[in-house]
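Have a look at this one.
Just so it is clear, A, B and C label the chains in written order, and each chain counts residues from 1 on its own.
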Amino acid sequence: MTQSAPLPFPSAWRDRHLLDLERLQAAELFAILSTAEQLKALTDGCRRKISLLSGKTCANLFFENSTRTRNSFSLAAKRLGADTVEFSSAGSSVAKGETFVDTAKTIEAMGVDWVVTRHQTPGTPHLLARELGCSVLNAGDGPHEHPTQGLLDILTILQHRGPRDWQSASLDPSQLLAGMTVAMVGDIAHSRTARSNIWGLKSLGADVIICGPPTLVSPRWEEIGFEVAHRLDDIVERCDVLNLLRIQFERQQTRPFPSVREYAALYAMNGDRMRRAKSDILIMAPGPINRGVEITPEVADGPHSVILEQVTNGIAVRMAALWLLSGASDIAASESNPPR
Amino acid sequence: MTQSAPLPFPSAWRDRHLLDLERLQAAELFAILSTAEQLKALTDGCRRKISLLSGKTCANLFFENSTRTRNSFSLAAKRLGADTVEFSSAGSSVAKGETFVDTAKTIEAMGVDWVVTRHQTPGTPHLLARELGCSVLNAGDGPHEHPTQGLLDILTILQHRGPRDWQSASLDPSQLLAGMTVAMVGDIAHSRTARSNIWGLKSLGADVIICGPPTLVSPRWEEIGFEVAHRLDDIVERCDVLNLLRIQFERQQTRPFPSVREYAALYAMNGDRMRRAKSDILIMAPGPINRGVEITPEVADGPHSVILEQVTNGIAVRMAALWLLSGASDIAASESNPPR
Amino acid sequence: MTQSAPLPFPSAWRDRHLLDLERLQAAELFAILSTAEQLKALTDGCRRKISLLSGKTCANLFFENSTRTRNSFSLAAKRLGADTVEFSSAGSSVAKGETFVDTAKTIEAMGVDWVVTRHQTPGTPHLLARELGCSVLNAGDGPHEHPTQGLLDILTILQHRGPRDWQSASLDPSQLLAGMTVAMVGDIAHSRTARSNIWGLKSLGADVIICGPPTLVSPRWEEIGFEVAHRLDDIVERCDVLNLLRIQFERQQTRPFPSVREYAALYAMNGDRMRRAKSDILIMAPGPINRGVEITPEVADGPHSVILEQVTNGIAVRMAALWLLSGASDIAASESNPPR
């Protein structure tokens, strides 16, 4: 473990929690994203360990199954030298009648610095942030938000299509993605990834198109000013970025379209549509991908796909979030307890 | 990770295992408790890491579900720089026909320094202590004992109600809690926590009252000299400490009382009973708590409750136990292999 | 964690993956085995930590239940200072429709250095080795191979019965076990352990006997030149080493012998057979053992049994494999990117 180079703490960041992207200002989004980029470089592309958060502990408190996001947070914490501890709902105290908040307070009392939480109920992380003294990170609250997924998607776009000097503090963060057209395609209704992307992209100036079956796209999006499309063919030629969402069969009571084949016919990104798209289109998917449903193998494995870069950027934005929240806690502590 | 300050090894401690509190002398209990207090201070309230046990490995071998106790042991080990490894019964070799002792010996052969074990059968840790060369810590053996839970409860009492200089070696440890009345309330029959508290409190001079429904309190307690009560109202005014046990529905074949409502009417600590209690009464619960059953929210969240401090002290006593057992092993090794 | 002494990198080792023993040369087997012996010494018998692989990360990707092998790999990684991360099939992205290769590529994109994998399908690790950029270690692919188990068994034999100077580079590795008769006894058909032992032992010059019920031993073994026996009594007097395999009831659709009692009568190593065996016979079992089936307690716990040493050697060979694969990757990287 090498000693970490000093990293400037961005003055725009003051929050001890990361709950959603909807309420973050462009300057705050920029603070996380540029910190993530620096940490990615300091860790040799998220592969090496630095001692930035050594001695601190990150607790994962997941009430929904997750391997990918949970491990991504754990690896991000370990890359910065922190320890991790895992709590899950199966076999835990919640099954013995304990309330969710009591479980979280008990974990906090064990001396953890961050609680990373996933829960099927929207707003749960916001509740915990009010009840706990430590930092809370939302790793997905029902269909509401999944802020680190939104951030990693946006970081990937910036790396490929942002201004060359996007990390420069001299640019207006609210215009970083101006002129860029990004479509979120698929199961918008059940997707916290869609919601976090939409708010974050909008704050940085992108034009967002929401594309999916009418049964999976609320008409509210159009009412509040977003472009809505019901056929990928109608928009594919105009898009700079496509973010292809997975159909979350496990969250659906009734099938919202006649068949997977019909869904794929209207929404799958395939070779035909690639040939009609811009020559530098960026293909993204939050994963896990369902080959042959929302994306065909030739597109998933093709030169425009940045799906695996998104995974690596997930480590980067989670390292940035853990470090910024911890720093904001330290600043708050030093201000309430000024040195004598 | 900061280099740890030298910590004096208490001469009263010689044991390589922590199996129960019933057979520990007052001086041994004092050795653990005062070491726990020092380690809590050295780790900034159990929140920071020191390198006291760096390079050693702690194995959790749990045959009953546990998140809280398992993670508390893991965090205690990590706070002192040790590594941890998790074994559980689900999907393990026991399901393939291996005996319990063979499983434990296999884990020991992987080079671990401590085995922390929970099992539904009383005496299992004692069996392992005879069969293994490494240290064994009992994390709960059926309804028998849960020694670290007893220790963390007693540490919490000492911090709040012990003599101001309770850590001073000049006091008689067997009188540390003299004059203090502590009631264990609720499901005594199924509670290893109750048993560990009872023996530990008695050794340090406290007066212990055992309070619960006749179906959940054996008459044997009275025969061997403990005060037994069947109504909380009969004793609440005299108590300095109440330790409110959870009804362990999952351990009961038949319901030992007519209804939860009736149980709560007789045994729940609520606002009415608080007003009749001593003005400095200490309210404890081993958790997870069932709000509205053994404790009402106003009491659980009120100023007399030290429930979350108990959780933090759990880290402290487990750090102390790991360090003391490891030191006793080192002493035994150096005595059997004197330097040439 | 002590700074590791410099360890010479064996020039015979060039591979970035460990997939099977069948295709390894004697010199490569020797490279792993002698490295394992050195790492065992450097870590005080696999009990202490050195910083050889500090900052690297090992991912366990297990699609079959495993506690023992998974933890052995994890402990080996931690002993060398690496971090570990656990993926399992339950609750993972595979359940959401992701392909096995996409899951593995996603894990690699999180920045891991090794993927340790177990899967019910033979050849899966070979597939991953072609698809991934990081190192792949086979921890068992169906009934095909389990190379680290074969290596730890062979290391145990070398330690007890190899030439006194077996680690010396002056010996011919293909003759290290010349003159040694080793029998694999039991359920050969379902045993990846058997297959890895057979190929590894053969490469180092041992005489291998394959012994088991005709329903569990393919006639192909005899056709390709191995001695096959169907009664332990026919061979027990000639053997230097017996490796007693567990009957893997969980892998069998139909019972391949009339009863466990009948199996034990023909194949169990018991006191009677011990008295007819060579006076220095070595008794091995990959574990978990079924006492009373393939081995009786007096043999399992007797002076000829090295079953627990095998477990410790498992840590040693896995440390060696992780280090060698990592070194081969570094060499490959430095050769493709020569220093300027």
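The rule we apply is simple: a residue touches a chain if its C-beta (ideal position, glycine included) is under 8 Å from a C-beta of that chain, and two chains touch if they have at least 3 such contacts.
This one's a predicted model, so the numbers in the text were calculated from it and none came from an experiment.
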{"item": "Chain C and chain A - chains in contact with each", "value": "B"}
{"item": "Same vs different contact residues, chain A with chain B, by half of numbers used", "value": "different"}
{"item": "Length of the line joining the C-alpha centres of chain A and chain B, rounded to whole Å", "value": "40"}
{"item": "Sequence positions of chain C contacting 2 or more other chains", "value": "none"}
{"item": "Chain B to chain A touching residues, read off their complex", "value": "1-2, 43, 45-49, 65-68, 71-72, 74-75, 78-79, 246, 250, 287-291, 293, 308-309, 311-312, 314-315"}
{"item": "Chain B to chain C touching residues, read off their complex", "value": "54-55, 57, 83, 85-88, 91-99, 102-103, 105-111, 113"}
